[in-house]
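In what comes next, chain A is part of two complexes: it sits with chain B in the first one and with chain C in the second one.
Right, the complex of A and B next:
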């Protein structure tokens, strides 16, 4: 190859990616940097945003117990949602994987399809099912004798966790499903031929092998739940705030943009730390699976 | 492989019912003949679908969503196709970093993106404009467009290209007559998936939309915040129908499991 052709070849990938790169720097990295900057600006009811460098907003978040409670609630809801999706989604993925071809693809479509259906529509469905004390869920549970008096679901954390778990469930099923595809069915047969019972097989053979799938699903579900907006806003109502709905309020109702930017920045940084941290832990623990 | 036992099938039935119930209940309530939220126990009626016609803001929002989804997915592909070809074919310094940057909108919470874009476009004097919505949506659908195009470009048989070059094709002709037709299924699927993502986005768009540029999810969300009546269920039923159509098309042309399986590991 001639030197000129060599050089053209070396430049080609940059020429091809340059437009996208410029787009991302111009309208993604710069706006994100501006948001971080914004969180250090001052704001007043009458003077609006003042471009100075102060720690007022960060100080307020750090000292006002309202924010600690709100972030703790966000974390609690995301954690419980993750737990619920793992407890229900992992067994379901396993059951799906054992179905025969046509049923498998049918139910996979039924379970994964909602992923692409509007979150507003899905959450509206839960609002209808919960709907006050006479909601369908309460009626069903009471007629089955599971509960004696209606449980409040609307405007509670319980309702938020259930609706969020429904919204996030496809991610967990998918992630465990992917792990199951890598699993050699012969190992299960070998264990059986050596006299292992179903419980032992699940505990000693299946569980350890799908654990990386469950954990990476958990990371996805956790980060999406912690930053979820539509479901907490509709089910939680105006009083039960999480990080995303609080940031929304600061921006579009109170108009205290710097404070909202600080909440958003903190959410982003906390999520990146949690996601990267747990990825490192998982990859160290399950190094042999990822190799 | 062993079959599922009865206990597993009971669990499975319960699971599927819970997954489908909220969507089903929305679609059922949409057909109620009553003036309030109720299941259509006394026959089906289309009255709430006809009522939509009296709310021009919903119809306008629908067209905004449709145009926004179609246009932003198309623009995203204009940037994503060359980038995908570069990432699929060349090993160059910074390749992994670039790929990570291009997929990063998947990892950044949409509420943060919404705030960042609101701040940015307001400073640029584009606050609340349709142009701002397009640019913002290009960024959030880019990873989906890139990923499916990348899969097609990676799996492509390059001997055809070499044959075309040996016959004298080059540059634009090579791309238009050989490369593009070969990766077209991936590009179209990328467009469809990107369209669905744009069409359904609420969290980011709610920060950017102004009266006149409100998308359907934003309009629905604002409406639900005030009151929930059968009208939003009939609108939701229409949205579900649009998504289902796109889903079925995607499944026919590309295979839904491939699209979704690619999506599963995105959060990492």
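Right, the complex of A and C next:
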């Protein structure tokens, strides 16, 4: 082969991936880099954004307990949501997997159905049911005399966790479902023939094998919950801000773009660290199951 | 007295009868094979013994105790699955130890028995390997050790060798037979491979469409097939349309230009079937033309076009000259080598 032809061959992969690469750089990397840059700029009520390099925003986030509280709340809500989806989603997927053909596809559709509805509509549904004195469920329970005052749901962390868990459930169920598909269909019979009861089979045989599925589902749910905007904005409102709603407010209400950018960047970095870190841990721990 | 007894066992799924009227008495220490094509009900029968399925009718007894009343986890049977169904998150030793753990065997005894079981199947030193890091044959051995370590009253093998390649399968057959002989566990093997059934078992249960066609030793089922199905399924066979004539003083059976004194019983239209290796080339007999001649090392395989339809003949490669393709030959056999069945005339 001639040198020129060889050079052409070497360039081919680059040429072929160039369009996608340019799109990626154009709509993701450049805006991301600009956001990071923005977080180091200065801002004032009257002077607006000044393109200088200062650590003012980062210093403010690091020292003001207001921000620590907000990030801590974001972490807590995402963590509880993840826990709730795992506790409900894993058994749900297991039961689903044991159903016979027609019921299985029906309930799979029921589980995936919420994904077809906008997050805003779904969250507003919760607000309609539990929103103060006029919420449907609250009204009903109060008229029946079960409760004397509305169930505290709106503007509570509990409400946010429940609504988020509802939104995130399909991701957990699908992830565990995928892990269950890899199970040997005879594995429960094998354990039973060796003398294991139903509880032992779940604990010793099924759980360890679907754990990677639960954990990868947890990573998806955690990162989506931590960066969720619509649900915390509707349920939590201004009273219970999380990192995403905080960044939004800095950008669009206070118009302090640099501070908003710093919040957004910190959220991104924290998420990347948590997700990559736990992924490494999981892969090391479950090396044998993943093979 | 029978050790394991199946008494008119039947299984229905909805309107479909998968196993019907299955009666079998297994002696202690016996090696039995359920042989039949896929869908004949052999695996269903095994699963009923294991307890994964409940029989619709009939009884299964082990040492005169009703086995169907006992929960599968308490039956104490050892089972090797077609897919092995090893626990992928446990090492080989942990897999084998699982059944002992469920029986609360003390730790030191457990370790000793696991080591011995793995050594028995030739896997000493593989204790800490995970199943997915083992070859198919090694996984098979772990599955066998896991089933045997609990000292099962009956060992059930569900097509255990079908996922192995031919050479390994043969090795495992020999090894399986040796292990079974040594420890004397009553064993039931489900297989669709007639060679496997014949080389391993004391008795073969040939099944077709949920029913038992024949129960007998490998030699019996091969040489005295009870039905056309058995003779077709166990090895190759030649079926020729023939007739028994009892009008003369000595009754004769005739197929084309081949003829011999007829056995007692049948008369009129019959089918005679003869194994290919029992047919020889002679001066008189069924006239046939050799279509193809295939050399297979220790024997020759001839495909012939005879007066009574296609025929196959197998001859030992004994160094003598063999007829060539296109040659016209006479096929002959001893009357005692054939089995004669009545034939419905259309």
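Keep this in mind: the second predicted complex is superposed on the first by the 260 of 291 C-alpha atoms of A that agree within 3 Å, B and C clash if a C-alpha of one lies under 4 Å from a C-alpha of the other, contacts with A are read in each partner's own complex, and residues count from 1 in each chain.
The working rule: a residue touches a chain if its C-beta (ideal position, glycine included) is under 8 Å from a C-beta of that chain, and two chains touch if they have at least 3 such contacts.
All of these numbers come straight from a predicted model, not from anything done at the bench.
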Open item on the list: Based on the shared chain A superposition, would you classify chain B and chain C as clashing or fitting together?
Closed with: fit
TODO: Tell me which of chain B and chain C touches more residues of chain A.
DONE: B
Task: Touching partner for A:280 - first (chain B), second (chain C), both, neither - done: neither
Task: First, second, both or neither for A:191, with chain B first and chain C second - done: second
TODO: Once the structures are superposed on A, label A:200 by its partner contacts, choosing first (chain B), second (chain C), both or neither.
DONE: second
Open item on the list: Contacts for A:55 in the overlay, against chain B (first) and chain C (second): which applies, first, second, both or neither?
Closed with: neither
- [ ] Minimum C-alpha distance between chain B and chain C after superposition, to be given in whole Å.
- [x] 8
TODO: Could you list which residues of chain A make contact with chain B in one structure and with chain C in the other?
DONE: 185, 189, 192
Open item on the list: Taking the touch rule as given, give the residues of chain C at its contact with chain A in the complex, in rising order.
Closed with: 50, 52, 72-79, 81-89, 98-99, 102-103, 130, 132-133, 146-147, 150
- [ ] Enumerate the contact residues on chain B facing chain A in the complex.
- [x] 1-5, 8-9, 11-12, 15-16, 18-26, 29, 37, 78-80, 82-83, 85-87, 89-90, 92, 95, 98, 101-102, 104-105, 107-112, 115-120, 123, 135-136, 138-139, 142, 196, 199-200, 202-203, 206-207, 217, 220-221, 224-225, 228, 232-233, 236, 239-240, 243-244, 246-247, 251, 256-257, 260-261, 263-268
Task: Footprint of chain C on chain A - complex, ascending - done: 184-187, 189-197, 200, 204-205, 208-209, 286, 288-289, 291
- [ ] Would you mind writing out the residues of chain A in touch with chain B in their complex?
- [x] 9-10, 12-14, 16-17, 19-21, 23-24, 27-28, 30-32, 34-35, 38, 88, 91-92, 95-96, 98-99, 105, 107-129, 131, 136, 163, 166, 169-171, 174-175, 177-178, 185, 188-189, 192, 198, 216-217, 219-220, 223-224, 226-230, 233-234, 243-244, 247-248, 251-252, 257, 260-261, 264-265, 267-268, 271-272, 275, 279
